[in-house]
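Got some structures for you, see below.
What follows is a pair of complexes built around subunit A, which joins subunit B in one and subunit C in the other.
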Partner chain A sequence: MKSTAVATPSMWERMDPRRLMGGVSQHRVLASAAVLAVLPLLVPYPALAINVLIYGLFAAGFNLVFGYTGLLSLGHAALFGTGAYGCGIAIAVLGLPWYAAILVGLVFSTVSAALIGGLAIRTRGVYFGMVTLALAQCLYFLFYQWVSVTGGESGLRGVMVPSIDIGPIHLDLFDPVQKYYFLLAFVVLALMAFSRILDSPFGAVIEGIRENENRARASGYNVWFLKWMSFVLSGLFCGLAGALNAIHLGVVSIDSLFYTTSGTVVMMVLLGGMGTFFGPFVGAAAFLSLEDITANWTSHWQLIAGLVFIACVRFFPRGIWGSILARLRA
Partner chain B sequence: MTEIPFDLIALQVLTGLALGCIYVLVATGLTLIFGLLNIVNFAHGAFYAAGAYLGVFAFTYTGNFWLSLVAVPFGMALIGLPTERFLLRPVYGRDPSYPLLLTFGLGYVIVELIRIAFGTDGIPFNAPAALKGSLFFGDIAFPRYRLFVMAFTAALLAGLWFLIEKTSFGLIIRAGARNPEIVSVLGVDTSRVWMLIFALGTAVAGVAGFLAAPMRGVIPEMGVTVLIEAFVITVVGGMGSLPGAVIAGLSMGVVVSLTSYFAADYSNVVMFAIMAAVLLVRPQGLLGRPEFAR
Partner chain C sequence: MMEEPIIRAEGISRRFGGFVALREVSLSFRSGELASIIGPNGAGKSTLFNILSGSLAPTDGRILFEGNDVTGLPQHRFVHAGISKSFQITNVFPQLSVHENVRVAAQAMVAGKNFWSRRSRLIETDETARALLVEVGLEGVARRRAGELAHGQQRALEIAMAMACEPRLLLLDEPTAGMSPEETKDMVQLIEGLARSRTVILVEHKMKMVLGISQRVIVLHHGELLADGTPDQIRNDANVKRVYLGQGRH
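Up next, the complex of A and B:
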């Protein structure tokens, strides 16, 4: 007699980390949502959890270009920052409701991504990094000088969204926990879209471009367009993160467009693990916790960040999540 | 505006050329390191700032501008040598984004160390007495210090040209840029050459920072702007081309200086607009090799 037991693995087999991981990566959006849903209970205060959420999304958007398409952009502050300014200007200057403001933010960031990407993708390799950095800095200057709308050096103030009413649901955004779950809804939606993109043929081809650009071109793919598309989609995610950050903070600081913001997101993705689905959030959590801890005993956070970053690139290029994955696969 | 006085324009052009000289020096260091080591040094701006602080520090101790000007390149080379040996050498042959990211992190560290040592505020620094005041050409007064910067840059570039084109060490440099494997097979210790080139590039960046100090001020973040300006110049001038860097640097200096006089609001942005135009028309830059473009 044939036994059906073969099909149902024993409890020990099910506990095998590799099997477990297989299950987790099959339901990666669900798994992320579950972890993020309990995150406020795991961190010392909700503000840190909110930052992990926003910067995790920013890092995930950056990861699409850096980890999956293999383009090292050093100008992603421009996408995050214009998303934040677009949303902020819509609320503080134009007086639009929050949902329209988020859309304005997405339009700002997507247009910036289309322009920066369109120019930068004309160059290759390390020059791509140089050009994205320069163009992002150009946007920084533009927003810095556009004082009448952006507030210039002192930043854009008065991005007030005190409460949200969707049908019968009333959310008080002064309560950090309610704010967290409000933002989480957007992040989960974005992750669903992100996961769908990675599963699509487009997602497969951009990874192909990362592995061998010439081969992808020889196979008949329009490499320029696909890279540009990946950059624009990345702008959508990073812009959403920026817009959410504007609503979260109530102000948009000019620093959100500065090159250090681009540096931060590179560090987060490297720390977490480039080209992995969970890596950006793990990296954002690790980076922000480290910043939070070091802030207690030194004001020279940038020194620590630089050293950690160097150590990471030098000895630990797979990042935290990437190393865990590699160990499980070994 | 009716008529623009000629002497004002001439002065503005000269200011631009002096500014362009700083651009050229920074971009030359970058190009030199890139040409041979295949590394984009993102810590170059931090080295520029470190050079300025080192010079100001040396000046406060010695009181002698010329002595400080000699001390800066040697001090900077002492920073560059271990950087190459312990930070960059281990990642040669890996993906080019590794050294890029390493130097990016190093830039953070150096800038923060400067803040710890010298504070976050700027330090005022004036041109030495011998170079104060102006020289008159007809009716037009040219600040001496800016003329000195131009002459010094020209001399430095001539020296570099002589080193690369006319000496046996230069022969190794040029051969190493083409095919490092063959050079090392022929018995040249290429790793030592690369270390020296990195130190040389660092030294030039430091000198540029010190020369710029009386013109552009000394603050810990001074390197950020100049690094990005140097990137723009390398992209415009042509990737990996030293003559391209010189032409683009000088003309960009003049353009920025004239824009800041006629349309000050756009002076920060004009450079990027030019870069965007160059990328659209000629992605490899004016004198660049086409393999860096799409």
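Up next, the complex of A and C:
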């Protein structure tokens, strides 16, 4: 009798937040998928939920480099934007089917990541930020000038994916709810991959690099290569987010490559909580809701966003989700 | 025929801008030796260690490890070859747990082929880490964050991390710096234990300790080799007395 009493946790123990948190982080993909699955019910209209999904994925990809590896890239718009253009060009110019177009987007973003990372990673700290920013701006001007393919300043139009047919399943992408769940499938797959990466020896050592790069090097790691690998993998996630955004909007705007997009994703991750699994989605939701609310009654929403952002970083340096996690674990 | 030394430095020089930190230092160490390098602050001891461990390239000269020229290789190649170093200033992963610190260090040796496998499958690294923490006496604090440990414990953690790659040559840069007499005694015992099955070279300031535990003592002064001999020889060396021992402890 006694042993069963020990083995089965009481109701109270099961409700213990620390125990609960342990379970949630063990099944972080499932927990994240569950929250994202009900998100459309929680927000006023589906377009906002779709943006949270796409920007959350973008922020998660950025978080791999920023929150987990400790590299402040200011050029991540390049990865998101080339993913979007790759996918958009494949559909609008080459007439490829959507699944091939997503692959083209991933190739674009991964190649960009390999190049930008390869050139920037020898530098450190602020210089790393500046080099990534400069290289991303180079890509912006390249796509801006390449009007015949990208549409230049007016953006790439005609990225039409009206419906999806996979076997017996028919999805109408004009229906925002169907579109949401179509995109969610990709995000959940990406989160599974992301979680798996964090679970690997690679995931352990990038956190070591963030903590103390010299120690990681002295332990026998090729730090340059690992940082580069982190950047390239980040390119995959950010590029997927860009490609999904192209399918979602039907156009690719040149702004997706502009440095403001890089700034947005930094804010989202800081708001949500850097180095946390679900924080980027919370940060994206907070940022986009704030934009949505304030843009309705003032044209200076960026000023308001900036002030809220400064307050947040000042009072919740761990970000919203990071602070909640710290509370629950304490 | 003489036994091949485990490591040999041939005519090592290192300049920082116009400043010469090491000038044509040639040294070799026998396998299994417990040797110490002493010298006043700024003598170039850490610089020599950085060069022997591959974190700094010499401006001139060659490093041969077990007969192979390793000069100019990236640091991680030195580690994989079997050379490991602890830092003069404590260097750990502060936000990670003590266990995770050692586990990440141990993982470097097996990760090559298993880099994308699940961490939980790398049971041997977990066990290596646990055994090392027992060896340095930190098994009781394995779950604490490394940054929360007392200074002496962090030094011990660093040794465990340096040991995680199973080095044949271990370089310890002032392992007892800032330690209390009790902590120092434990550390000396630990170092003597480690030296039983590998080559250990120390940089140390605590003269009594150095002369007590080393089989061989090397004195650096202004980047040059001043003396090299048994503790007794060093104690009685006129040059050493003049520049170093006479001035008391540093």
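Throughout what follows, the second predicted complex is superposed on the first by the 328 of 330 C-alpha atoms of A that agree within 3 Å, B and C clash if a C-alpha of one lies under 4 Å from a C-alpha of the other, contacts with A are read in each partner's own complex, and residues count from 1 in each chain.
Keep this in mind: a residue touches a chain if its C-beta (ideal position, glycine included) is under 8 Å from a C-beta of that chain, and two chains touch if they have at least 3 such contacts.
Remember, it's a predicted structure, so these values are computed and weren't measured experimentally.
With both complexes superposed, B is the one of subunit B and subunit C in contact with more subunit A residues. In the superposed pair of complexes, A:Ser148 makes contact with neither subunit B nor subunit C.
Of the two partner chains, subunit C is the only one that A:Ser200 touches; subunit B does not reach it.
Applying the stated contact rule after C-alpha superposition, one finds that A:Gln26 touches neither subunit B nor subunit C. Within the superposed three-chain model, A:Asn214 lies in touch with subunit C and out of touch with subunit B [touch as defined at top]. In the superposed pair of complexes, A:Asn222 makes contact with subunit C only, with no contact to subunit B.
Residues of subunit A that lie in the contact sets of both subunit B and subunit C are absent, per the superposition on chain A.
Listing the residues of subunit A that touch subunit B in their complex gives 72, 74, 119-127, 129-131, 133-135, 137-138, 141-142, 144-145, 224, 259, 263, 266-267, 270, 300, 302-303, 305-307, 309-310, 313-314, 317.
Those residues of subunit C that touch subunit A in the shared complex are 53, 55, 74-76, 79-80, 84-85, 87, 91-96, 100, 103-105, 107-111, 114-120, 122, 161-162, 164-165.
Chain contact summary for the complex, subunit B toward subunit A: residues 34, 40, 87, 90-91, 96-98, 100-102, 104-109, 111-113, 115-116, 224, 228, 231-232, 234-235, 239, 265, 268-269, 272, 275-276, 279-280, 283, 291-294. In the complex of the two chains, the subunit A residues touching subunit C come out as 196-197, 199-205, 207-208, 211-212, 214-223.
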